[in-house]
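What follows is chain A paired twice: with chain B in the first complex and chain C in the second.
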Partner chain A sequence: YFSSSALLRANSGEPPKFQPPPKPVIIDKSKVVVERRFLSPEFIPPRGRKDPLKYYIERIDMIRRRKVLNIPEFYVGSILSVTTADPYASDKTSRFVGICIQRGGKGLGATFVLRNVIEGQGVEFCYEIYNPRIQEIKVLKLEKRLDDNLMYLRDALTEYSTFDVNMKPVPYSPNDEIPVNQLKVKMKPKPWSKRWERPYFNIQGIHFELPEEIMEEAQKLSQPWIKFDMLREYNTSELEKKIWNEVNEKLKK
Partner chain B sequence: MPGWGLLCRAGARLLAGVPGGPVQAAATGTRGPWRFIVRPVNSSTWWDEHLSNENTQFLKQLTAEEYRAQTASKLCPLKDEPWPLHPWEPGSRRVGLVAIKLGMAPLWTKDGERHAVTLLQVRDCHVLKYTSKEENNGKTALLVVGGKNSSPFHKSESALEIFREAGVPPKQKTTIFKVSDNAIIKPGTPLYAAHFRPGQFVDVTAKTIGKGFQGVMKRWGFKGQPATHGQTKTHRRPGAISNSKVSKVFRGKKMPGKMGNIYRTSFGLKVWRINTKHNIIYVNGSIPGHANCLVKVKDSFLPTRQDCYKNPPFPTFFADGEEELPEDLYDQEVFQFTDSSVTYV
Partner chain C sequence: MRLSLAAAIYHGRVHRRLGLGPRSRLDMLRNLVTALVRHERIEAPWARADEMRFYAERLIDYGKRGDADEQAMRMADFWLTEKDLIHKLFKLLAPRFQSYSGNYTRLLQIPNRENLDRAKMAVIEYKGNPFPPLIVVHRDNEKTLLNQLLKGYREDILKTRATQVPEEAPASLYTGTAV
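Right after this comes the complex of A and B.
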């Protein structure tokens, strides 16, 4: 192409300054690896007056268990399959597949609840992550949802809680960002087990088809001052970094 | 209290008689006409009220160094002219420990059963004083044991004397253990969690969580009255307290009052696991008291639990002895997290 320097020369008699073109910046995405730092929520100690030594002792045991059994990274909304030892089954194992609707507890007593609909019956299983009877935890589909707690699936249409027991695991690379499923779930007619439309639950993942009066009545119970309450703030970022370093070092040994 | 009427009348007389009396008493603390009514306050200052900042800092550092030196000097009790060690005999009673309740955690056995377990940490536990059985009551000797280290500045001189004689930093809790004559220990010896072994049973005493002044329904479990059907102002009251034939209220009648903050014991708790590095005892079940409260732990007295005391560390576990224990001691049935998952055959 013709550079503009020739035109400039034509306009004025002086020799123009040579402006080199801007250097192209090449980003090689195949080589740039952003490590995803995931610290399982049960490692972060809750706010309280207990001695941090107690949580440290529990963490040592949790790491020992993690070296024997691979507990993968998962979130509320991911689909997992768990095999446990069962003394009453014919092959002494029992396998359950479901969507994780809740992760609770801290330390060794941390639990997660899996939900599935089997032959028309909704079934929920609460597993303890560090229970020695668990033989395998496999993530079939790693994804997040719009909420941290999917208990409203109990009042949603059954199609949203049914998952194929023999589904094939969806592959995911450890460096991609976790996909957030923007699904908005349709509910069964009221009454529900909880009034999910109320702002206390702060649910984003329901497609409410309720009349506007009910939604407005529910908004009257909102507490907009809570987000300014300083006593409720619990900043765990520094704690998380320390615990992340500690846990990583021990897992590598 | 029976003397209240008398005291009130005496107080009223004094108030009327001496103008400016209460003001004088407040200024001087002990003098004035109130000295027979009001409990005398020995001193109304705190330890560093008249000290400069530098002096307080210096004193704090000095005491900290002194206590570090003291604990270091007591680390080798077996080389420090120990008292004669006797072997265990059936019928002998050994010392207990003072521990800190850290919290609770789950524990799994090899069969896959889950138990809830309390963690007790033994921190700076030393034997403080020995009273021989002649000085005591002619039957049992006593050993005073102290728990967690604390500052000397808010303790009375009489309390500090005991710690000074033992050569040990002042402790937050001191308890007395009745001990048989073959289990006496020299004051100043440190006590560790390995004093107890997994598989044995233990009694734990602590002060329950204080609930303050509570009504009869919470304190004694009374049923109260119905919420509706015409009840006038009576929903949580005790109802009748006696009958007309007796025409008196029995002593010890369950009534509202201060609940909690009293010593209670949990008996026969199994020890599942001992961590010798951090001195932690894993005890089955729950224990009275809040988190980080000080707790008295001793061998169980229950007759059905005496089989496990065939070979306890007697009179106590000495860290500088020949025994080298692994970091974690587990009971036979406990699932260790380094093992592979539980399977049924």
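Right after this comes the complex of A and C.
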């Protein structure tokens, strides 16, 4: 490694003057919390002719619920554990761990679907985020995948959907960027529930081993003009900023 | 999101169905947009002009981003089939509409087409074009009796104001020049 005293010796024949090493600058990142602007997708109202008052009222209720229950930031592809109230269980709670394959709905009806394979049987649970029966949502592993919708895991090999029910939460600091898992999933033999090779689904996360004729047939159905159709664009950046400010102010109170 | 929907559009859908299919519709609108950028005022069937209006305005928004923006260049390259118009869009139309925030076009209905189909026609133009204006504001003829009487009444009032003002000058706050 670089030693400053060696340079001093090289400059002149005299014995080097003692220079104390530079003091290390400690940046304590655990204390400096970089505020990452994550607005949950259910806050952003969809395109339409509905009165924005409806979404405003829903947002007030959503913020009231969030003050009681901490709903963490998560994405499609992260592994969550959810405990809900169950009147027929012995300890009145039921816990489910799974990978989030889909986040749907806007406003108070927003849902997320968790998938896991338990004792060889694939199980999917669709939870409503603002359901008062939910007692705890914990993120065991926060990560993103290559797609927004992992419904193809139903037709993938079961090893890709099995997650240990008692897995330990993976530590994660709020300063890091969310890791994107570049995993390409191997599928069971066809037939599948949907034709995932078609460009309509725009799936990046499958390792296709289909013959080339089928892939070419699928590409014939691609519509390359859609990305130039300006009417389909929905720019939410300004809306997001306003809603972010509004939500943050209310949550801090 | 358009607030005025034709009867053929239902359940909140915003695309009209023109031509042979979605690709044909886009190609047709692309031709119309190219013609509009070239001539700055065109006549077309009302439905096509109404559909084209949104794309023409969005194209100007992309043009305002500047030609250094890759996405803007790709859009302009797709929408303008005649490539000399790309230069016109970025260098002429975008600076012209810098002060406007929206509504760069004007759509006005025209008498129906003379053909057998009697189609509902419209003229669509970019604002600020060099042609004479489409809506000419006509002032009433000054030589009619009523207008002559009103003109005389107006002149009388101004005269009386001019004579009254020097009398009231020390008392009033009015310090303007006499007419």
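Throughout what follows, the second predicted complex is superposed on the first by the 219 of 253 C-alpha atoms of A that agree within 3 Å, B and C clash if a C-alpha of one lies under 4 Å from a C-alpha of the other, contacts with A are read in each partner's own complex, and residues count from 1 in each chain.
Methods note: contacts are C-beta pairs under 8 Å (C-beta built on N, C-alpha and C of every residue); 3 or more make two chains touch, one makes a residue touch a chain.
What you see is a predicted model; the values in this text were computed from it and never measured.
S.K.: Touch test for A:68: chain B only (first), chain C only (second), both, or neither?
M.R.: Only chain B is touched by A:68; chain C is not.
S.K.: Which one hits more chain A residues, chain B or chain C?
M.R.: Higher number of touched chain A residues: B.
S.K.: Which partner does A:92 reach: the first (chain B), the second (chain C), both, or neither?
M.R.: After superposing on A, A:92 lies in contact with chain B but is clear of chain C.
S.K.: Could you look at A:49 and tell me whether it touches chain B, chain C, both or neither (first, second, both, neither)?
M.R.: both
S.K.: Looking at A:228, would you say it contacts chain B, chain C, both, or neither? Reply first, second, both or neither.
M.R.: second
S.K.: Kindly classify A:135 by the partners it touches after superposition: chain B alone (first), chain C alone (second), both, or neither?
M.R.: first
S.K.: According to the stated criteria, A:19 is in contact with first (chain B), second (chain C), both, or neither; which is it?
M.R.: Neither partner.
S.K.: Quick check for you: in the superposed arrangement, does A:237 touch first (chain B), second (chain C), both or neither?
M.R.: neither
S.K.: Quick check on the output: what are the common chain A residues between the chain B footprint and the chain C footprint?
M.R.: 48-49
S.K.: Where on chain A is chain B touching in the complex?
M.R.: Touching chain B: residues 48-51, 53-54, 57-58, 61, 64-65, 67-69, 85-87, 92, 107-109, 128, 130-135 of chain A.
S.K.: If you look only at chain C, which of its residues touch chain A in the complex?
M.R.: Touch list, chain C to chain A: 1, 3, 12, 14-15, 22-23, 26, 54-55, 58-59, 62, 74-75, 78-79.
S.K.: Once bound in the complex, which stretches of chain A touch chain C?
M.R.: Its residues touching chain C are 47-49, 223, 225, 228-231, 233.
S.K.: Spell out the residues on chain B that touch chain A in their complex, using ranges where they run on.
M.R.: Residues of chain B touching chain A: 100, 102-103, 105-106, 108, 112, 114, 119, 121, 275, 278, 280, 291-292, 335, 337-345.
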